[in-house]
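Here the chain labels run A, B, C and D in written order, and each chain numbers its own residues starting at 1.
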Amino acid sequence: MQTKKLKIGIVGGTGYTGVELLRLLAIHPNAELFAITSRGEAGQPVADMFPSLRSYVDLPFVDPAEADLSACDVVFFATPNGIAMQQARELLAKGVRVIDLAADFRIKDVSVWEKWYGMAHACPELIADAVYGLPELNREKIRHARLLANPGCYPTAVQLGFMPLLKAGVVDQLSLIADAKSGASGAGRKAEVHTLFAEAGDNFKAYGVGGHRHLPEISQGLSQMAGQLAGLTFVPHLMPLIRGIHATLYAKLTKPCDLQQLFEQTYADERFVDVLPRGSHPETRSVRASNQCRIAVHQPQGGDTVVVLSVIDNLVKGAAGQAVQNMNIMFDLPENAGLEVVPLLP
Amino acid sequence: MQTKKLKIGIVGGTGYTGVELLRLLAIHPNAELFAITSRGEAGQPVADMFPSLRSYVDLPFVDPAEADLSACDVVFFATPNGIAMQQARELLAKGVRVIDLAADFRIKDVSVWEKWYGMAHACPELIADAVYGLPELNREKIRHARLLANPGCYPTAVQLGFMPLLKAGVVDQLSLIADAKSGASGAGRKAEVHTLFAEAGDNFKAYGVGGHRHLPEISQGLSQMAGQLAGLTFVPHLMPLIRGIHATLYAKLTKPCDLQQLFEQTYADERFVDVLPRGSHPETRSVRASNQCRIAVHQPQGGDTVVVLSVIDNLVKGAAGQAVQNMNIMFDLPENAGLEVVPLLP
Amino acid sequence: MQTKKLKIGIVGGTGYTGVELLRLLAIHPNAELFAITSRGEAGQPVADMFPSLRSYVDLPFVDPAEADLSACDVVFFATPNGIAMQQARELLAKGVRVIDLAADFRIKDVSVWEKWYGMAHACPELIADAVYGLPELNREKIRHARLLANPGCYPTAVQLGFMPLLKAGVVDQLSLIADAKSGASGAGRKAEVHTLFAEAGDNFKAYGVGGHRHLPEISQGLSQMAGQLAGLTFVPHLMPLIRGIHATLYAKLTKPCDLQQLFEQTYADERFVDVLPRGSHPETRSVRASNQCRIAVHQPQGGDTVVVLSVIDNLVKGAAGQAVQNMNIMFDLPENAGLEVVPLLP
Amino acid sequence: MQTKKLKIGIVGGTGYTGVELLRLLAIHPNAELFAITSRGEAGQPVADMFPSLRSYVDLPFVDPAEADLSACDVVFFATPNGIAMQQARELLAKGVRVIDLAADFRIKDVSVWEKWYGMAHACPELIADAVYGLPELNREKIRHARLLANPGCYPTAVQLGFMPLLKAGVVDQLSLIADAKSGASGAGRKAEVHTLFAEAGDNFKAYGVGGHRHLPEISQGLSQMAGQLAGLTFVPHLMPLIRGIHATLYAKLTKPCDLQQLFEQTYADERFVDVLPRGSHPETRSVRASNQCRIAVHQPQGGDTVVVLSVIDNLVKGAAGQAVQNMNIMFDLPENAGLEVVPLLP
């Protein structure tokens, strides 16, 4: 039986989340790439810019003005922040579903969004309907979403790590700490000095300790899980590796709890969250190229500090893979369609 | 229609070629993993050692003495040199096909083999029947092979790069130069000081300039292509990256030739050799995780030196992927079955 | 004026702390390398193993049994744990000062030491006299030390980061968190699978969350600073870089405090601790090859969580450089003698 | 005795060659940093941009228009190509010596220069007097140079590797091959996509096979050594490491020769060229941070192909270190003044 394939549009196909969507969708059994836009590269074959896609993607980039995106079933925005909000209204009006991999629709409080992202929101009226696409938290809403806000990379790793604790109410939700580390692809495919190989290689640093845009997004999710305001200290770091986020999470236990059991039960039915055995230390490479999140939970020296280790591939579960997972849910496809990629190790 | 699946045995599943076979075969539509042996790790679930395989490989390692490999359709040897030659005779006698990813059956002249590998050959009578598994050179023989000698990683990249030139007879076959660079996974998953991260990282060196085991293997293949004795200078280097071989090949042109056309025609029907457009420079990452070889040919300043750039993933086209490709040919499956993995970039 | 040079012995010169001592001492104006021992490499010129030392170190390794270490002014032990404790008594009896870069004399409570290091202590009677060589904490005692216990790499970065807070008594000393990351050279120059380039490269993981040998060492120091028992959660991680430790420290503020001023005053006279301006994020490479520790202190969102960022080169301030600094203090030399190396950037 | 220190000006202090000059000159016993210019960063303390220089460099960047460079003894241009040629005339007229680390004065034939660099030369009349600063080739001229053209990084490694062979006339000078590999710092500290960590990391590629600006520079030097026109095929590659060039050189032997002896004799008196013992393979890290060039020569299988392995740190012997070496020669200082840095290993 041959399912009719979804017609896919991708706005902004020249960044890392764009090429990663192409990697996944090129061989997705239910997807057909219809249009990939780029203002700067219009006319150039996509595979000329990304030779890894030779024989898999034959399309050229097309100018956004000339792409008939309204003919698509779903359009992914793999663009900088502030683009999707300008185009979503029109596409939705034409019955096209929209999945935004940027931050335009992630935060419910528009004033908070505008403060952190430094611009006025172009269509605040859509925010309420937008669904935050963390399937493990919001799966039922995602099924009916027309406009999907795909979570950020750090927020995915951090929220999945804290969720069992907060839903169970076993930790102090006001003193959470997330010490998170990201590979360099998380900074995107923009020419910048600080992410040059000779700058970021053989080097490690924290950044944004005073405040990072992912903080309000994470806090919003943690508060939803806890059912009350959560307080988070979030310290991101840049690692000298390409793909991967490692979140090391700290919380204070407020009541006795079999943590291993709690985590295993919470995620027992989740295809893309893997709770490792007691005493494990997940490696970022164990999820490289895959949509998996792997988690281990520890209680060092039996004290009251819980330590959660959570790893994802920032471009897959932290971006394009989760977007495809959301598409699958939205279109009633098997949730893992096109996502059964065995992680690349070594 | 459901094809009956091939029963697969893997001898020596704890090294990089072993885990790479598992990555590919775990989702191969025509393969069923039957037994994975390891003397040292018998009883341990494979996925405990390689968490990347969780949910894909449920088998434990089994002791070689207890594995019923004769029940397999095909057995892969992902072992050090010198193991397959001790077990191949018995398996073949029982009708099991054998694919050796090590070097035991690659070299036709047993005295040459014994000199370079420093041991007596345990079953020299099988060497003549063994087929050297470079599909682009030997496809027809591979179809009928019972014992397949899977090429080395350097030999694959170098031979595919020189083949068009030598078959066409347009270069001096006596003064070939292969300046080849390999990622660290090429050295295998053995604990050794010189491949520690703190030794091999942020570092680059040549090695084995005086003589490397892949030299006679490559020379044998080049001579077959040229129809006469070929002379090669081979300089391998260790690069600070995990996967990838980049071979930079030099030859002296002896007659005028449209090199681009020659290469394109030679590989026009090859699924796994991709000749890039004029002026290209293939990157190792453009084939990462895939069975592709990408090649570009240059004639700098229009002189008589031909420069060929050839890249592969040493663990895929240079080892496990090519072994699966050979299996597909041997069992009359589509040659690309299980091998349509889009390269991982970035 | 020519100072008489100190005669230096190094026991165990083949590991990373050994070669780093050689790098620093080879051009130290007041040091003369007298003997470098290695059981396995006796007779081999040191510079054959470490070509970086060609023209700087002419000595061969000498067998420990034949080295006349009693003729030295000071002997450094750059050995695995458990060696120095067997030889220290005899050397001290002959008037030789001993600096142990391993852990034998770091922990005052011998039963704690024996539990974490899994062996009986060979000379417990010396532990009380051994001085813990963190100059910023114990400078006066170091001046008179005969037996010096050089701190571990993590302990150096973590203790220097917490010290101002604990001495001032402005944080809850019972709920300290140290999320620490180390480069691969911290694991030493031993052949092990998990630190191979192809394992540790492009990868990040925590390890030892359940308990790490540096935990009791750090806790002892923090308790000394606080004047009461300190409680620490310590999570070490392995980074894909060669040199560098980045400690991200979290503490709960218990009274108002100008943190920047506190840190600057604490370290105002310290040559090797550099407090960065408000809002800074020290990079590991900013101290690469040097004996510097750079520290920044943050109070995110003005809340009650203090975040301290502390970076060192694990082989210099975290090992050999601090050992030389201690030697300088012990022998009344300028504390920075031989240590004015400008960090290597990029 | 206190020598009067040279007053140093650096034009363009924000790139890698600039910060490397600062690393070396900050502790050079005969140098005093007088002015470091940058149009974009004027007013900012140098050490704010490069924290590695804290406590070593107190100067701010100064606007070129306001810097009194004529008060300097020597001015280094660590600028893009095309800047030094605009300012050299005026400085020289005022008696200031000029050392250009860019390419403006390297090529004697101005039409060749203009073709490869794509601009008109601003002061062709100075080219003849400019001295090409490869000390091992031109030391005597360097002593008297007023305008010094500091060699490129690839040209240094390649020329030093070929020099013994060409001066002795023992190879075919028309069929030389240089397969050269450079670390990412060789591309400079410019924001560009292809040198981002996520692009250049875990990746290897050739580039510029059709023609690279260093080709005419190298050819000019090789021809000078050979006393006749030399023919070179030059293939540069980008390696995933920060510092280091590895040149693998191939030449055809035309007469019998003890190669090891030839190389050792050629460089017997050179402080910064180290010929390794027979059978060696120099590593790039063996010269990291130092002004050393290490060379090994091989004759594989006793054939007529000579293989030379030559490594340098591209920022030191390939740029700033060689510039300081040239300064030392020009001002009659010890040639190694300020350059006795032990290489950083690991």
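Keep this in mind: a contact is a pair of C-beta atoms (placed from the backbone, for glycine too) under 8 Å apart; a residue touches a chain by one contact, two chains touch by 3 or more.
Predicted model only: the values in this text are computed from it and were never measured.
When chain centres are set by their Cα atoms, the one at the greatest distance from chain C is B. Between the Cα centres of chain A and chain D there is a gap of 45 Å. A separation of 36 Å divides the Cα centre of chain C from that of chain D. Each chain gets a centre from the mean of its Cα atoms; for chain B and chain D, those two points are 39 Å apart.
In chain C, the positions touching at least two other chains are 16, 183, 185, 189, 198-199, 201-202, 240-243, 282-283, 285, 288, 346.
Taken as a graph of touching chains, this assembly is fully connected, with contact between every pair of chains.
Interface residues of chain C, counted against chain A in their complex, comprise 175, 177, 179, 181, 183, 198-199, 201-207, 209-211, 231, 233-235, 237, 239-244, 246, 248, 250, 252, 279, 281-285, 288, 298, 300-301, 303, 305, 307, 309, 346. Contact residues on chain C toward chain D in their complex (touch as defined above): 16, 19, 23, 26-27, 50-56, 185, 189, 201-202, 242-243, 274, 276, 280, 282-283, 285-290, 294, 315, 340-346.
Those residues of chain B whose C-beta lies close enough to touch chain C in the complex are 16, 183-185, 187, 189-193, 195-202, 240-242.
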